[in-house]
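Next, two complexes with chain A in common: one pairs it with chain B, the other with chain C.
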Partner chain A sequence: MPPALTRAAMTALLLLGAAARAETVLVSNEKDNTITALDGETLRVIRTVPVGERPRGIVLSKDRRHLFVCAGDSDRVEVLDLETWRVVRHLPSGPDPELAALHPDGRRLFVANEDDNMVTVVDVERAVVLREIPVGVEPEGMGISPDGRHVVNTSETTNMAHVIEVESGEIVANILVGARPRAVVWEADGRRFWVSSEIGGTLTLIEREGWRVAGQVGFAVPGVPAEAIQPVGMALSRDGARLFVALGPANRVAVVDTRTRQVERTLLVGQRVWNLALSTDGTRLYTTNGVSNDLSVVDVAAMRVTRSVPVGQAPWGVVVRP
Partner chain B sequence: MHAFLALLLLLAAPAAAQPRAAPDPDWPCVQRLVSRIGAAALWPGPAPEGNWHAEPAVAALVGRIAPRSVPEAEGLAAIAEFAAPLDPPARRRLLPLAFAGLLEEANRQRDTLIEQIRRFTRRQRDLAERVRGLEAELRALPEDDPARPELAQRHAFAARGFTEAERTVRYVCEAPVQVEARLGVHARALWAAMPRE
Partner chain C sequence: MRRTRPRPRRSLLPALLLGLLLSCAAAAEPAPVLGIGYLAWRPPPARPVASTLLDPPPEDEGVQGARLGLADNETTGRFTGQRFALEERIVRGPEEALEALRGLAAAGIRLVVADLPAPLLLRAAGLPEAEGVTLLNTGAPDDALRNEACRRNLLHILPSRAMLADALAQYLAVKRWRNLVLAVGPEEGDRLYAEAMRRAARKFGLRLVADRAWTYDPGAQRTDTGHLSIAAEAARFTQGTPAHDVLVVADEAGQGGGGWGGGWGDGLAYRTTEPRPIAGTHGLTPTLWSRVHEQWGATQLQRRFRARAGRWMTPRDHAGWLALRAIGEGATRARSTDPAAVLEAMRGPEFGLAGFKGTRLTFRDWDGQLRQPVLLAEPRALVSVSPQPGFQHQFSELDTLGTDRPETRCRLP
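Coming up: the complex of A and B.
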């Protein structure tokens, strides 16, 4: 091939590559100790990166350059550089970090330590612990209000959502929810948040004003035993009208109308669905399926499961990097 | 003394880790016990109807691939081989039946495993009780009692047995999950062979 042509072909290839890699889907594989990166367009695996032991919660840095990985069995949060695909730093996190949430300031990472009943606040730039906040037994879910003033932490064994004021580090409310609460999701206007309860099999909706329980949602799937319906990860649709809820070993994602709190339908996905993430444009929902070792792809407009993409062993967390 | 304290903590740990709402005290796994796998957790279509035992070809397929010792690839090959000669109406009738058969077998395998796990928990509880008893005996004995070395050894032995078994809980709990995973692989292969409308 003449040099000019080669160059043109190379440029075309690069351009194609750039267009196809508009966004990346990142998945933590709990049993493989890896992060899988998939092209958001083709859903082909771009690479598989080794990280610490038992990676579960993953969070994107504010500048989207790094991924914070909670490596529970390594007792640390790792910082994965998404350009070089190397773990470049460790953050102190307390024992057994399971998941984390980043404050809108991009500096403070709130980490739930399952083993020592603490929420650890870490400065991600200086890699130091800023504060440790004692909460209930087995802290788990973590949700920061859109304005950054409050962080809600759930404790698996105490069955409570603890509302922590970010500046003072004080707990301002303890709200009883269903058994073994897991995820926390705030609505975009910051007036309400949802808590999923894995053993209770319910969702609790809590209003910020007065930290009051505004409602509960239960689930039933014909042909699936009630105890298999275990609400865990959640994601709101772009317009906030629908809440997607992973139902664990029921292998289904429930679609809940956030206004009426009715369950509209459930979609059959892979086995033991843990966590959910929307594509940047909100048209696709990705689910991590811990037993079938794949990612299910839901077409949000059609409300149909369109694909299953194999990833690592026991996929858990999922994040979309724009 | 340090080791003694650590052991006490270890003994206390399984009880503390047990979620309060857990309905079954004999269930040691982090994941809640799901007594049976429902058809709708794996099969996208209507619940399969009919008696799979009454279809000799289906019963043969189930008998061939259901045992846990059969490798995944072999199971998938058998399903492909089973579906290949069938026309669309036969597929619509027989593939859901094959799923029903595999589901029934998987639930039976899980029942056995779940019972084994429960037995494991009860054994651990008895063992913990014995360690505690030996500890009390040791505490009651004067430092220079001639029976002490032998008692201390029995105590150490029982404690080690307990601790070593406790370390295997995560793996023990994986067994029913593996049955579920296997069934999922078979179910998806059967569904993929169903005629599209």
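Coming up: the complex of A and C.
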């Protein structure tokens, strides 16, 4: 086949593949003040979109049309239109928003304001603050229960998971976890959730029944100093049997059996791994690597890192848009 | 810094707080208030004229950090049902300091943050009335306190001079800037800083090609043509030094602007015979804290502090904050405000303090020193953080800084 034809055939194949997968991987680049959009099939960069200063947490709207971007240094949440690739609106968010979570109703966005010890609830349609809830020092992680009744917020200096009842806005439980808690991930049945503790180097598993600590998971990686093992972002496998945990400067993703709470293995990814997202079909795991400025791709079935894709400077958040 | 404007602290409605306490602290039984002492000796400035008008040492240096630490502890305490109180005693004389400590001890306080120079700290720790009181040292970097003069009732929040010197030496070794000239000031602190630097040089394979005492008088800045005499002194001092890579300055009193006297260290850069960078107490400085530090969420702490104090957080402020947070974290983990239980948790193997250095801080069991990374900062930028990658240790890389277990001269009963 002449080279031109080969290329055309390849392109056609790629296009077909893209149509089959048709998902977009969105990455926030903390240092560049941009969002990188990658084609989920080819993992090519489709475009790089400028947003506000220090974008970190990113959340997809319920209709998948918009991306909510926590632009911490701009003190606002930006609404990025994923069809026109423009920032179309700002949401009031309170100072220094870092992470956010969207309620299943698609309207209420729960934002952690690192600077003033508050969780701000924003109506994303009317762009108004509905409520401010005082929590511990330096609120960070946000996780909403699948039924939408509870939101869990972690506070980094208070070292707690605060369970907030969504309807009343009241804190119903404060659970002590390891030092500097970061992310919260609920299991699909809504009966348990996981909290990662960056400085403590642990995960805490908490049961909804009585808001009890059901267990802790620690990590040890041969050849990596204990202090470098700093769990941050987490993602559950599709079947919920495994929890992937980004270990920060240990440059590893740990794979935890959610039933036995044993660490099955650790996978070497890029440097300073922050956050994780699973592809829609659950076969691939994407990791943002803040120091090596790339995205690692894990083949979930083979439990192998298959690719590294350069993105912007200091990639932080990652979501997959089906 | 991209943005440094202090923010007004949002005032939380007391009613809201009360409601919160009632609604969510049902689990926590009311615990007694944990009283924490804060004892600082603030001598009147030794010299009437500071070497520079820039950055005079704030009157409330140190205690502002402790107050912020208290506020952070109280925020956590809202959820755990724990309450804390800070008893501040800021005194002008040594005898007054001892008297204040006796008073705190008599009031039942068992944990005291102590911003005192080493000799006074030792006298305080040795008071019969202070038996059962643990002092958290935020004022004395002296290595002797971590070695031959160590005491069971001292915990050291400040990094020791050896830790600072090792942090710098590791960086110089990594850069292969191996040949050093040492300029040593006349004060006791300068002598000890230089001694730590000499030991660090041996430890990390650096060479002191010249080791000289600085004997000139400081304070010419404000005389007309003072810059000429300063430049002449620097030139005379550095003339004829063997080939070297870095000039290491030991002028502790002149650190951070020289408000307490000293300050000659500021008069060396750009005036040396050979064009060489300055490090040590001036130039590239190993330090517990610096206003240039923004990593690992430090921006949050810098903003909180500035909003409250209206100025930058100094290393002494940071030590005060760390001391309060160590106690707060101990209380959280012990689930108790009983000082003995808090202390046990602080010294325990599970303890880990988040101090905006990207790793957990713990206490060394052999000398009570807080194990911590050390920043290497110049006045407007963070240059590096030690331990440097590659300096390995069988237990903790942080123990490559300062006196390690095998070489400690501390013998605690």
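Following the convention adopted for this analysis, the second predicted complex is superposed on the first by the 302 of 322 C-alpha atoms of A that agree within 3 Å, B and C clash if a C-alpha of one lies under 4 Å from a C-alpha of the other, contacts with A are read in each partner's own complex, and residues count from 1 in each chain.
We adopt the following convention: a contact is a pair of C-beta atoms (placed from the backbone, for glycine too) under 8 Å apart; a residue touches a chain by one contact, two chains touch by 3 or more.
Keep in mind that this is a model prediction, so the values were computed, not measured.
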(message) Given the alignment on chain A, is it a clash or a fit between chain B and chain C?
(response) clash
(message) Once chain A of both complexes is superposed, is A:V221 in touch with chain B (first), chain C (second), both, or neither?
(response) first
(message) Once chain A of both complexes is superposed, is A:P315 in touch with chain B (first), chain C (second), both, or neither?
(response) neither
(message) With both complexes overlaid on chain A, does A:G52 touch chain B (first), chain C (second), both or neither?
(response) neither
(message) Quick one: is A:P231 in contact with chain B, with chain C, with both, or with neither? Answer first, second, both or neither.
(response) neither
(request) Look at the residues of chain A and decide whether chain B or chain C touches more of them. (result) C
(request) Please indicate which partner A:I171 is in contact with in the superposed arrangement: first for chain B, second for chain C, both, or neither. (result) second
(request) Using the superposition on chain A described above, determine whether A:Q271 touches chain B (first), chain C (second), both, or neither. (result) first
(message) So in the superposed three-chain picture, is A:A179 touching just chain B, just chain C, both, or none of them (first/second/both/neither)?
(response) both
(message) By the touch definition at the top of the document, which applies to A:R252: first (chain B), second (chain C), both, or neither?
(response) first
(message) Quick check for you: in the superposed arrangement, does A:D73 touch first (chain B), second (chain C), both or neither?
(response) second
(request) Residue by residue on chain A, keep only those touching chain B in one complex and chain C in the other, then list them. (result) 156-157, 159, 179-180, 198-200, 225, 227-228, 230, 249
(request) Sort out for me which residues of chain A touch chain C in the complex. (result) 53, 73, 95-96, 114-118, 134, 136-138, 155-160, 162, 170-174, 176, 178-180, 198-201, 225-228, 230, 249
(request) Would you mind writing out the residues of chain B in touch with chain A in their complex? (result) 19-22, 31-42, 44, 47, 177, 180-181, 184-185, 188
(request) Please give the residue numbers of chain C that touch chain A in the complex, ascending. (result) 2-3, 7, 9-10, 12, 16-17, 20, 23-24, 27, 72, 75-76, 79-80, 297, 300, 303-304, 325, 329, 332-333, 335, 352-354, 358-360, 396-398
(request) Name, in rising order, each residue of chain A that touches chain B in their complex. (result) 156-157, 159, 179-180, 198-200, 221-225, 227-228, 230, 249-252, 268, 270-272, 291-293, 308
